[in-house]
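Heads up, the next two complexes both have chain A, just with different partners, chain B and then chain C.
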Partner chain A sequence: MGAIIENLDKIINVSLIYATFRSATPIIFAALCAAITQQANILNVGTEGIMLVGAFTAVAVSYFTGSWVVGVAAAMLAGVLIAMIIGIGHIKYGADNCAIGMGVNMLALAITKFLLNVVFGMNGSFSSPEIDPIPRVKLEFLSEVPILGEIFCNWSIAEWFVIILIIALQFLFYKTVWGLRLRAVGQFPEAAKTAGINVNKIKYQAVAFAGMIGGLAGAHLSLGYSTQFVENMTSNRGFMGVAAMYFGGANPVFTSLGCLLFGFADSVGARLQAYGIPSQFVLMMPYIVTIAVLSVSMAVKLSANKKRQSSLN
Partner chain B sequence: MNNNSAKAGFIRILVTMLLSLGIGALFIVGIGENPIDAYVALFKGAFNGKLRLGTTLAGFTPLLLSSVAFAVAAKAGAFNVGLEGQIFLGGIAAAYIGINWTFLPKPILFVACFAGAAVVGAIWGFIPAALKAYYNVSEVCTTILMNTVALYITSYLVSGPMSAGTANAQSHPVTVTLHQFMKPSSANLGIVIAIILVLLVIFMLYKTTWGYKIRTVGTNPDHADFVGINSKKVFIGSMMLSGALCGIAGCIEVLGVHGYFLNNFATGLGSNGMLAALIVKNNVVATPFMAFFLAVLKAGAMGMQQSTGVPKALVDTITAVFIIIATMETLIQFKEKAKKKAETEKKEG
Partner chain C sequence: MSEYVVSMSNIVKTFGTVQAVRHGEFNLKKGEIHSLIGENGAGKSTMMKLLYGMYPINSGEIIVKGKKMDRLDPKTAIEHGIGMVHQEFMLVEELTVLENIILGFEPTKGLTIDFDSARKEVQKYIDQYDMEVQLDKKISQISVGEAQRVEIIKTLMRGADVIILDEPTAVLTPQEARRLFEILKNLREDGKSLVFISHKLDEVMEISNRISVMRQGQYMGTVNKEETSPLDLTKRMIGREVFLNIDKSYGKAGKTVLEVKDVWVSSNKETSKIRGMSLHVNEGEIVGIAGIDGNGQSELIEAITGIRKVEKGSVILNGKDITNFNPKKVRDAGLAHIPEDRNKRGLNRTMSIVDNLVAVQLDEAPFSKGMMVQKADQDKYAEEKVKQFDIRPTDYNLPTSALSGGNAQKVVVAREVSMGKPLLIASQPTRGVDVGAIEIIRNTLEKAKKEGAGVLLVSAELEEIISLSDRIVVIHEGKITGELMASEANENNLGLLMMGGKESK
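Now for the complex of A and B:
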């Protein structure tokens, strides 16, 4: 404990800001994937699986074509295909969200393991110098500026893109016709139907769009965050994303703020490891923080709701 | 459930099973192997000889408990993905008691191991259940995240305070073990305990007030509250029962299969139990049979990988396809039209 207090300035400093954002980015992508379908009232339990398939596809395609752009595009396409299993199953054949979501997660885990064996002849993980990673943006003009340079100067393209995506989704959900229809379908499907909106069509669109973002989440994880594919490399980030989506009520900005909290827990934990905290405690920290934050936010929401209702009466 | 719909349900499962084995066969053809050879090897790998049959039975035991545990929680409307964490913590509790409480006479120590495992599992089920019941926190999210927490807690304990000091992270051997009756396989008397427990649970669900309350809450919590059943308490109770069953599964794994706590031992046990229950729509009577079928697939996978070139990950793929098809309620409807639709669906997928 003493060592931690002595070295507090090494644990909490400027570079922690980027470290937090870096750990949060894959979760933000996942949370946005879950938020899109949630707006249409489809709980996306399969986020984890969509991400995992995206991660594998990105690495495989980038390895064979030598181009990260093709890899990312393929990952997004794969994400859409996997998401459509959920979409068709749920919308057309009445499958329970949780059940088919967990089924897709297991399918993703199994099929990536299977393909890792068959395509690369590997068990557990695959990495190669021939995988073309998502490049980083070096902002030369900032590198000399003291604090800003440390924070902004070396982001991956996907990390810049996630900020654009958050803003774009916020605009899409709350300022466009499609967004209004999407939310109408989610909240008042009968009213939406009466207003002449094709409910199922909007739902399919939402699922396909979420699949794209989920695939991108995976591609970022395997080509940006790291440059390799590891079995089950998403390690429940998809579910953290779903938790963050609950925290933010499927609002892109609030949802992303929730993700930053988990990223903070992750990166502080990683630093504490150097000071004698057992690695298992460090590794479980983001999960505990996620559960705690989710519980507190839901409790607060519930009591706020109760208050609002009681003032109406 | 009347006879007719039970029969329809049975045929539905059978068609689903054949469909997923068929899709699995496509995968096998895709990698240039013979699907019939592979499935024969799979079957042989599960049943041929004492060792293999015993291994299948040993693998069946935890699946039986975890699948019924999932179904019980589901009967009250809970989606307990936390089976695995409950198994891990039940296992570590049993190991701790079995190693350290040697002052107890052996029969009582036995009971203490099982009771400790059940209590710890129930507590791990209580947390997400209470969060869901009182604060509406999605139990799917919390239970799955708690699985990882449980894994790291046990991993810390067996590589730190409870470590036996071996290269593999594991605990000291426990002082009481369940009799293994099909050596050299690890099939043990735990299977008898599991079967008795499952029969008790089925009896409880359909022949007692408690079971009636659980089923009422699962079907319609508002109605339950209206007729004076505390739906929150029943919901939490069923999750705790689910956790306790998983804890006992962990205890059987530790006392019966390994004889010590092995790091990571339960990985996959929870998700497969969940699969078995989901496929038969949480029908507790059908769940054990599905658990057995999955246990056979799992146990045979190794044999298939050894005698043909098909990796055992294929079996996981087949079971995942199985569950995806099974969840699509209206996919298989015993009408020519529906069947045609299903086939085009299959081609697309």
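Now for the complex of A and C:
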């Protein structure tokens, strides 16, 4: 404990800001993937699986083509295909979201493990200098500026892109025709139907779009955040994304703020490990935060609801 | 081209094994208000939903403005100028009034929705037909009457000249209904053709040009308003004459059974929070609670029966304080309860008639002995109740899901009334049941009162409240706005109180 207090300035400093954002980015992508379907009232339990398939596809395609662009595009396409399993199962056949989502997650785990072995003859993980990673944007003019330089000068393209995506989705949901219809479909499908809107078409569109973003989430994890594929490398980031989506009520901006909390827990945890905190505890951090965040946000919501409904005010 | 803007002939529609429409006929002239009447389940709503393309027809022909419609869905219907105001409003609660109005037909400017031009367009209709609505409020914040005007504007915005209104007055006070009628008459003068679905004959007689009748999925003919009378229409609707005026006794009310003292109860909806309500029910009287749906009736009943928490105040049953007892204990203290939603709280639909009949006394003799149920005694009891309440089919081992609304409700009534508890709460006891069952249920309540029970009756039907009650308590937004003896009550003074107004003497 003493060591932590002595080294507090090394744990909490300017570089923690980027570290937090860096850890949060894959979760933000995942959460946005979940938010899109949530607006159509489809709980996307399969985010994790979509992401994992995206991560594998990105590495494999980037390795064989030598192009990160093709790798990312292929990952997004793979994400759409996997998401369509959820889409068709849920929308056409009325399958339960949780059941089909968990099914997709297990399928993704198994199929990536299988392909890792068949395609690369590897078990556990695959990395190679032939994999073309998503490049970083070096802002030379900032590198000399003291604080800003440290925060901004070395971001991956995907990290810049996630900020654009958050704003774009916020705009899409609340300012465009498609967004209005999407929300109407999610909240009261009958009303949308009587307005001449094809409810299932909108739902399929939402699922496909979410699949693209989920695939992108995976590609960022395996080509941007790291440059390798590891079995089950998503390690529940998809679920954290779903949790953050709940926290933010499927609103892109609030959802992303929730993700930053996870990123913060993750990066502080990593730093604490150096000062004698057991690694098991550090590994627990993001999950503890997930539970805490969900509990707190539910409790706040419930008590606000109770207060609103009470007759005594 | 024929004189009709809409003509439907030889319509058949089945849902699974149920024939909702066996033989449907309907036509609509330009610029008329044409009422479609019939009992619950007669197929009138279904007919109009078919016209709006909510479901495909099995067979028959629909012609709109001279064009035969082969495949109809809501979008095509809207394109041909058909609009529908559904019984349950098709409005998204968490979206604003404006967003709801433009949904599906949004004007755009570049990538975004052009809210400014939408606002101008909507304002045109608001001014033209004097339909005041607040465009920036969410649907969850506006009144039912206003929501209905939103629905009408919605159809106009979509270019409808045929407007279907499915039981539009069911949720309105008499005053709000009158306002709606003014709007409808304005629309008619403007050349719109309107379909008015209802089972309230006085309204139909007031507003229609022509009236079509349906009974059990069959078309029973069309008449001009001038050539018919409420009695004639009743006969056409139910195939026999029914006199719902029951023989009301004015017994002497005895001691107080139920006392509700300054009770405060929370609710999910802003308008139905109970804020300091006091009332009492005596032995041998029926106290009716009148009010527009959603003004706190359900919450009050839930609070008395132990389903919802009382935040302040007390409920006293037979001299015993039962505030916030659990439902079982409340029942043990002497209460029977016909809940408003028989499918949710009144019955277990997958279990049999006999199981449902004995459900609340299963742990009592003679239905069980120790840990064992006494099947033979249960059967004997069920046989007796099926006969007494004319429950059909008579096989009491059938699941209650096999019963029609009226017969299912008779099972609930039979169970609750037969226990002879000192307090009977009847919440919407005749909602969605046929005329025959209404007669039996109303007479049963009257009988319970004669035998000395105190009855607290909640109903959305003013006519039911007036004809059954001895005393009437009117509530509005969770407060009591007045109390009248039934003999001095009428639609006017009750309607005013239901709107929250003071009774003017």
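What we mean here is this: the second predicted complex is superposed on the first by the 310 of 313 C-alpha atoms of A that agree within 3 Å, B and C clash if a C-alpha of one lies under 4 Å from a C-alpha of the other, contacts with A are read in each partner's own complex, and residues count from 1 in each chain.
As a convention for this text, contacts are C-beta pairs under 8 Å (C-beta built on N, C-alpha and C of every residue); 3 or more make two chains touch, one makes a residue touch a chain.
Here the structure is a predicted model, which means the values were calculated and not measured.
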Figure out whether A:L294 sits in contact with chain B (first) or chain C (second), or with both, or with neither. first
_A:S235 in the overlay: touching chain B, chain C, both, or neither? Say first, second, both or neither._
first
Thinking of the overlay built on chain A, is A:V118 touched by chain B (first), by chain C (second), by both, or by neither?
first
Across chain A, the partner (chain B or chain C) reaching more residues is B
Note to self: Taking the superposition on A as described, I'd like to know which of chain B and chain C A:Q187 touches: first, second, both or neither.
What the structure shows: second
Note: in the complex, chain B contacts chain A through residues 27, 31, 79, 81, 131, 135-138, 140-142, 144-146, 148-149, 152-153, 155-156, 159-160, 271, 274-275, 278, 311, 313-314, 316-317, 319-321, 323-324, 327-331, 345, 348-349
Contacts from chain A onto chain B in the complex sit at residues 43, 45, 85, 88-89, 92-96, 98-100, 102-104, 106-107, 109-111, 113-114, 116-118, 235-236, 239-240, 242-243, 246, 278, 280-281, 283-284, 287-288, 290-291, 294-295, 298-299, 302
Chain C contacts chain A in the complex at 52, 54, 73-75, 78, 84, 86, 90-95, 99-100, 102-106, 108, 111-113, 154, 264-268, 273-275, 311-312, 478
Chain C partner, complex, touching residues on chain A are 171, 175-177, 180-181, 183-184, 187-188, 190-198, 306, 309-312
